[in-house]
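One chain, chain A, links the two complexes that follow: it is found with chain B in the first and with chain C in the second.
Right after this comes the complex of A and B.
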C-alpha cells in the first residue's frame, strides 16, 4: 500500500469508521460516498463498535508476498454487530476447532504489513476471538 | 477537583516462552536460572504486534476505564525503547487510532525502562497547569535480548496506560520525586540490534542506588514513612531486584508481592513498574496509599505517591484486570519464539 493510500484510508483501518446513509439508513464499511441502495450522496460517518461474529473462514497456507512469515493464518468473513459484513484476518487462533460460525470476535489493532525495511508500516484492525 | 489518575488499562500479548525453554537452547540450567531471577516465563508479541499496537490496546482499555471521550484528551506521550520507527512518533498512531486527533500534543519518550513514568510526570504537569483537561501516558515495550544473553530470559512485552486529569480520580497524586544521574549500566547504540549491559554494574550503583534514593527523596518531600504505604510497585527487571529493594527499605513482602508481574510476563521495560502499579490498583481498596517507583537505565528513578479514592469501586467494572491478560497464555517453543521476534533473518 502506497503512502498516500495508506493515509487516505487511515480512519476506516484504524477506527472502524464507516458511513451511514442519512436517507435510508444503510451502513457501509469502509467509508463510502454514495449509497448503493438509494443512490443518495448524503452520507455521514458512522462508528462501528468493533464487536463481530464469524460467518466463514479459510486457512491460508500459501501466502501472498510479504505475508509468508505468518502462515498458517486465518482469513474470514465476519459480521459486525451492526450487520455489515467485512473480510479480515483472524488473529491469535491457537486452536482451529474454535472457528465455528457465530464465534464471538472483537476487532484489534495490529500491523497489516511492513513492505520494505525502509518503508512505512501499515496498521489497522483485524478480528480476534473474545477470550472473556 | 484533585489531580490524579482517572483510569488505566494494560495489554499483554498472549504468547509466552518459559525460562526453561530458553535455557534448554543454550545448555543452561533452567531450574537454577528461573530460581535465581525469580521469573517463570515472559510474554512474547504476536508477529503482527509491536509497541504501537500494544500501546493502542492499552490506551483503549484505559480510556474506557476513565469514561472520558477521545476529544477530551489533550496530550499523549508514549514511553518506550522499542518504538517501531527511528523517526516517526508512535504517539501519533495511538492518538489517531483512538480518535483523539488533531487537537492535542503528542510525543514519544525514551529513557530505558522509565520513559512511561516520565510521560506521567509530563501529563501531571500539563494538567496541574490547566493547559489540558486530561492526558494519557503510556509505557510499552517489545523488549529484545541478544540470543544467549542473560537479558533474553526476561526481555518481555506489554503496555500500561494511565489517563490523568482532575475530575473524579480513582487515585489522587500526593507528590512525585526523581533521582537522576549519568550511569552507563545499559545502552543500545543507534543502529544496534540488541542492547548491551554492564553485568553486575546494573545492580548496586544503578537500580538500587536510584530506586532507593528516589523513594527516600519522596518520603522526605512528603513527610511520610514507608509504614504509611499499603502497596508498592518498583521497576521489575527481574523478580529478585524489587524484592531486594523492598528488603533494604524494610518493606514487608505482602506490600510488594501483588505487583510482581515479572514472574509471569518478564520485564516489560517501560511498562514494568506501571504494570505492577496497575495490578496494585486492581486489588486496592479506597483509602490505601500506593508507592510507585520506576527505574530507567542510564539512569534515573521517578517516585510517586497515590491515595486510592472511592471512585475506584465505581469504575472497576469497566476495567480489564492485569490478571485477565496474564492468565490468557499460549506457550511457544524457542523456534517459534525466534520467528515471532524476527530473530530468523530471511534475506
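Right after this comes the complex of A and C.
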C-alpha cells in the first residue's frame, strides 16, 4: 500500500471510524462521502463501538502477500453491533470449535501485515473472541 | 432494429488452454482470431469492431492498451478496445458486442477473450493479480484471498444446507471427466474424490484441486446481425438473451453468502424476457472458478433447487448423461481458466453443442443452452441463452 493510500484509509483502519448520514441515519464503514441510500452528501463521522459477532469464517493456509508469517490464520466476515459487516482476521483463537456463527467478538488493534515496498508497516483492526 | 433482436454467432476460434509458453499474448490472440475468420472465409476488413475481454494483462504482463496491440498484430484496422470485468471480462465484452449489433450500427463484429497468466512466475504475482478483482482495501489488505472468500461461501453452504465436502469434490471429479473428452482442455486427466480431499489445503475447507490453475488461452467468436448471419449459415446459432447482474464487490457487503444475487437477477430477467423457465435449459456452462461456485451458480440460475446443488452433483444430475449437464467442456476447472477467455470459451462450447459438433461430450435434443460468467466473487454476473 502506498503512503497516501495508507494515510487516506487510516482513520477507518485504525479506529473503526465510519460515516453516518445526517439525513436518513444510514451507517457506513469505511468512511463514505455520499449516502448511497438517500443520496445526501451530508454525512458525519461515526465511531463504531468495536463489538461484533461472527457471521462466517475460514482458516487460511495459503496466505495473501504480506500475511505469510501468520499462516495458518483465521479470516472471516463479522457484523458490527451497529449492523454493518466487515471482513477481518480473527485472532487469539485458542480452540477452533468456538468459531460458530454468532460468537461475540471485540475489534482489537493489531499489526496487519509486513512492511510494504515503501517501508510502511500496516496496522489495523482484527477481531478477538470475547470471554475466551 | 428492436431491442429484442437476436444476434447470431457465426464462427468461432479457440486455442488450447494451458501453458502456451511459445506464444506471446498477440500470438494466442491471432490463433483464435484467424481460426474464426478462416473457418468461414471472412475477410478481416469485414470486421467492424474488435471487443477484447481481458482481466489482467497489466498485472500479468505489464501490458495495457490491449485492443490496439492485438488489432495491430492481427492486422485489423477496425476500432478495438479492452473490456475489463475481472473473471467476467470476456462475457461483458460479448454483451457489449451484442448490444453493438442490436443498436443497428454494426453488422459483423468480433469478440476475443484472451489471457496470458503463466508469465507470472512468482506465486505471489499471480495471486495478487487474481486478488485485484476483490475490494483491495477492505478485503485483500485485511488478509483475504480469492480462495478464502469462496471457502467462507462453502462453509456457509455446508452449514445452511447440509452440503458435504465430498459433494463439493464431485464438481471437480465431473469437470475433469468432461475435460478428458475435450481436446482443447488443459487438464485431460480424470481425478477421484479422494485426490481432491488429499490435495493441499488452501483455505479450509477448500483445497488446491477445488481451485482453477493458471492458464493461457484465447477464444473468439464472430457475431452477426440476423440478416447477415443467413448469408453465412442457413441454420445459425443465436444469442437470444445476454443479461448482466450486479452484486456489491465485497462478499461482506452482500445479504447472502450462499447465493449469487447478481446471477439470479440476470437469469430471471433472461428467462422472463424470453418467455421461458429454467426447465427449458438443456445444458449450461457456469463459472466454476472454485468448485463451490458451480454449486451456488446452478442454484442461483434456478437449474436446481436452492440448497440442492451439492446433492444434484453427487447424484449425477449435472453429469453428461444427467438431467441438466453442467460444464460439458470441463468448465474453468478442467478446460482451463485463462480468465478473460473463459466467458467466450463458454459460448464456443455451447455453439459446438448446438451444432452437434461436441464429439464425445455431445448432449442430445438441445432446446436452449445457458452460459454463466462471473467477476470476482460474484459482483458481476453475465447470463446468456443460446439456441437455434
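Definition applied: the second predicted complex is superposed on the first by the 128 of 132 C-alpha atoms of A that agree within 3 Å, B and C clash if a C-alpha of one lies under 4 Å from a C-alpha of the other, contacts with A are read in each partner's own complex, and residues count from 1 in each chain.
Quick note on the criterion: a contact is a pair of C-beta atoms (placed from the backbone, for glycine too) under 8 Å apart; a residue touches a chain by one contact, two chains touch by 3 or more.
Computed from a predicted model, the values in this text were never measured in an experiment.
In the superposed pair of complexes, A:121 makes contact with chain B only, with no contact to chain C.
When the shared chain is aligned, no partner comes close enough to touch A:32: not chain B, not chain C. In the overlay built on the shared chain, the residue A:40 is in contact with neither chain B nor chain C.
In the superposed model, C is the one of chain B and chain C that contacts more residues of chain A.
Using the contact criterion defined above for the overlaid structures, shared-chain residue A:60 touches chain C, although it does not reach chain B. In the superposed model, A:106 lies in contact with neither chain B nor chain C. Within the superposed three-chain model, A:92 lies in touch with chain B and out of touch with chain C [touch as defined at top]. Note: residues 70, 112 of chain A belong to the chain B contact set and to the chain C contact set alike, using the contact criterion stated above.
Every residue of chain A that touches chain C in the complex is listed here, in rising order: 1, 5, 9, 30, 55-65, 67, 70, 73, 75-77, 85-89, 101, 112-113, 122, 124. Residues 124, 127-128, 131, 137-145, 147-148, 151-152, 155-156, 159, 200-206, 250-253, 257 of chain C are the ones that touch chain A when the two sit in their complex.
Considering their complex, residues 14, 46-50, 52-53, 56-57, 60, 84-85, 88, 93, 96-99, 320, 324, 328, 330, 339, 346 of chain B touch chain A.
The residues of chain A lying in touch with chain B in their complex are 10, 14-15, 69-70, 91-92, 94, 108-112, 120-121, 123, 126, 131-132.
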